[in-house]
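Questions regarding the structure given below will be posed in turn.
Letters A, B and C mark the chains in the order given here, with residues in each chain numbered from 1 onward.
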Amino acid sequence: MIHGILGIWNYWIVIILMMTGLFIVISRHNLVKKMVGLTIFQTSVFLFYISLGKVQGGTAPILTGYKDSLYSNPLPHVLILTAIVVGVATTALGLALILRIKSEYGTIEENEIAELNTEENSK
Amino acid sequence: MIDLIAIENHLPALQVVIPLLLAPVAILVSLPFLSWLVALFGSLFCLYASVSLFFQVSEFGKINYFMGGWLPPYGIEYVIDEASSFMIVLISLMGVFATIFAYQSLKKEINKKSQSKVYGMWLLALGGLLGLVTTGDAFNLFVFLEISSLSSVTLVALGSKKDKRALTAAFNYLLIGAVGATFYVIGVGLLYSVTGTLNIADLTIKISELTANNSVKAGISFIIIGLMVKAAIFPLHIWLPSAYTFAPSAVAVLLTATATKAALYVLARILFTLLFNADDFTVIILQWVLLPASIVAIFFGTIRAIFEKDIKKLLAFSSLSQIGYITIGLTLGTASGIMASFIHIANHSMMKAALFMGIGAISIQLKKSINVDDLKGLSKSMPVTSISLTVVILSLLGIPLTIGFISKVYLLKAVFSHGNWPILFIIVLTSFLALGYAWQLIENIWMKQPVDTALTINDDPKIYIPLVVLAVFNILFGIYAYPIVNSAFNASAAIFWKAL
Amino acid sequence: MISSTNFIYLALLPPLLAPIFIFIFKNNQNLRDSVGLIGSLISFYATINITNDLMNGGSPTLYLFNIFSDLSLSFKVTPLGAVFGLLCSGLWILAAIYSIGYMRGNNEKNQTRFYIFYSLSIFGALCVAWSSNLLVLFIFYEFLTFATYPLVVHKETDESIKASRLYLGILVGSSLMLFLPAIIWVWYSVGTLNFADGGILNNTFDPVYAPILLSLFVFGIGKAALMPLHWWLPAAMVAPTPVSALLHAVAVVKAGVFSILMVICYIFGPEFMNSSGSGKFLIWASTITLFLSSVIAIRKNDIKARLAYSTVSQLSYIILGGAIATNYSLIASVSNIMMHGVGKITLFFCAGAIYVSTKITKITDLNGIGHKMPLTFIAFSIGALSIIGIPPLGGSWSKFYLLLGAAQSELTIIIIILAISTLLNTYYLLDPVFRAFFMDKNENVKTVNHPLTVYPALCSAFLVILLFFYIDPLLQLVNLIIY
């Protein structure tokens, strides 16, 4: 049984990273840290997919020229390339927003922004 | 000489590709008017494409379009059937309305230097949503989900000139949306690990034999949660009120009419087409997750709206409760329930888009965000806008001879045939409670004396024309309900395989 | 030879299209005010022809198009509908004349808006009268609520706004939460909503649930003012008197009881009503209402408030007749729609004439006015006596038939309560008359004469007398319903 649990150690890492990422998104006040948490969360998903694609004894899914090579599943790698690009776009957009928030509010701590917002609300 | 037949054959791809290609063109063209023309051209083309596809489907049946000629399940296919053609017609039609309204509205509400770039984002959002509802590949769906989300975030953030809270609203939208989309990806990954395919039709076949598999169940659950975020179903709706309130008016018009509806459509597809053989599991999702969520959404949206002074926020909460009605139609799990949901998807888009347009028209003139009190005496200064707004508000309340009544009747009929009395009572009770927030708007417009600033505003034909047309639609399709009802019936039959 | 279908157009189009002309002529007072009058004459002429056709065995119908797959937007004139239609279009003529006098005499503002929505309300009432199925009835029932809203809130004072909210809240709330589900229930069980002779529920609906269905209908049709949903009626008295006269004595409340009667006669059918025993609780609900509202009416000093509670009471007479559902009681109900309508409008016309002339709204201030406004008070007495049920006035027929119907069903307690209620009616309706003629004036009250507010009251009082003798055509019509 221990062999079974340890045998899927890559999935455990995925879960830990996923939870860590989500926790950071929710609990940290600093907006940049939230973005970092989001990135960690997304990375864990990438790891998940890649783990799915590994074939035992298979090599990286790049044509080697040999007839009988065993390759890992290339599809998850392709999917993850797409997802990484999406993740980069998300991070870029998020950081751009943070820059603008900093110039408008003067702070990037969520609780301070909320206070400034409630002042705005009550005006 | 443009080969029309070639275009006809490739419409499923073109209706997504053209907006995506036109987006950088709109950004590169630095004159705002020209950018707007590019956006208008893009949305009109999409309208043409979707209407033509709609008629093709009603004559010939489902269209499977293989992107790049690669056959599924290895290639990505786009599926246009009665249900997705319903959605693309709706999305592109509302896109055209929003684009027409956008020119005057965005001119006044966003930064000078962003005015041409916004149309690029606009086209991206439109193309992304169209792709979202037509794609037949699960991962492609994620890509379009993100395309539409990210461009929507940018569009919302552009409201920062009027109110800097648009930035935090956009950031929250980004965070929550990205988390939701990632949940979706996890779900797809789990499904892929079990079945080895990403093609939705293929997944359907493979899952139908694997319904007891825990990975499948977990995967579906992740997917549903991810979609609930995008569809703003309670309790994952948190991004919606702020996003709609602080976004520029035209952006709110576009988003309210299209974004959440597309996600609800995908939800329906997953629940009923993908899981057509998974009765027990689907029932659990419907009864224990979606049903409580939508009931709370309806109450929360209605009651919160009654106490809200800022009109855009009021409309946003009202949207939450209307989304709850749509979801309740889905939870019934019957063909008539799904039909009622589709009818309300179409009708609510038309109602809410018109309402946001009307409020936008007023806020352009008053140059600030509109409170309920700002509507006082509007009938004297902006009669055409007032009449259109009144018609649409009556439609929202579900008064006979409007589309709101049609969707209400079909929803009640569907709930009735399911025999669920408490839900019936909740629906009529909340319809009555909606009077609480809607009637004060009408009272203020017609019965109260105007505040001083209001005396300076007047009707502007350039702005109110799309609003008037939508108000006319509200009544026209309330009387001649056949087109919408019939298409919804076909759409529901296309989704709900068991009915066949 | 105009077909009856075209007559239906001719009757419905004037109240629908008049608002356009009223708006066009909004700056020319005389032209604008005469639009409604001309429209009412055309409409009434058409209605008489339609009724004639019906009595000669025809069945006037008008089909427009299908709204839902099996339900059409169409009109069919039933005998019940013909009575209601005659009442509305006929009294519109009198009310149009009266409104001119009242609005000018009081110098009311927003007169254009008033006439527009007045006309639209008549349109709504006529469409309700001639609806061919429950869906059309519901559509125009709701239309009527919203068309009358601007009239209730006409004065735009805080009191009017509060009253109009109550009005809207009760009427829309009851129709959305009770009436609409009841309609859907019928639609789902039976498959159709078309009115049919003898009802459509007979073999298709489980009789066990029939009382529940009937209560959903009866309390859902809030315009019939069954307690405890009657609050909107006294509250709506903040409206100008022409509104109270035509709408809250004739169009709106009669639309309510009319709808209940349509449901009883053409959805349930008298046979099913009796076999399922659905009427039993309704007999008690309406009796309690008619008794309690009579008691409350005695304590009201404001003229319009007293008349409002009298209306609530009389409406329950009509509902009671429907609940008993025998041929005599149904005759009583249908004839009372006509009699009470004409009688009550007389009373309201008089109340408004008193207000325009003397600004008096309280009954205790009426002492001795009769000598200054003899015609008005004579009309008032005639109307009052008719409602009390004294021959030779029209209202006596309805009371007579109601007592017969109650006796037929051996409901002795009801007969006793009806008798007590009649005594109460006598007191609170004749009290103003006695004060006016037989008591000395309190102080010097200035009266300004506005003939246009007096003559319509005289006309309707005359109608009250006429209807006593001219009862036969009405009975003919009513018999068509039952057999």
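Assume a residue touches a chain if its C-beta (ideal position, glycine included) is under 8 Å from a C-beta of that chain, and two chains touch if they have at least 3 such contacts.
In this text, all values refer to a predicted model and were calculated from it rather than measured experimentally.
Ranked by separation of Cα centres from subunit B, the top chain is C.
Among the chains present, the centre nearest to the common Cα mean is that of B.
The centroid of the Cα atoms in subunit A and the matching centroid in subunit C are 70 Å apart. The mean-CA centres of subunit B and subunit C are about 45 angstrom from one another, to the nearest whole unit.
Taking each chain's centre as the mean of its C-alpha atoms, subunit A lies 28 Å from subunit B.
Chain contact summary for the complex, subunit A toward subunit B: residues 18, 22, 25, 31, 34, 38, 41-42, 45, 48-49, 52, 75-76, 79, 82-83, 86, 89-90, 93-94, 97-98, 100-101, 104-105, 113, 117, 120.
Residues 139, 142-143, 146, 150, 153-154, 157, 160, 163-165, 167-168, 170-171, 174-175, 178-179, 181-182, 185-186, 189, 192-193, 198 of subunit B are the ones that touch subunit A when the two sit in their complex.
Subunit C meets subunit B in the complex at residues 65-69, 73, 138-140, 142-143, 146, 150, 153, 156, 161, 165, 168-169, 172-173, 176-177, 180-181, 184-185, 187-188. Across the complex, subunit C is touched by residues 394, 397-401, 405, 408-409, 412-413, 416-417, 424-425, 428-429, 431-432, 435, 439, 443, 446-447, 479-482, 485 of subunit B.
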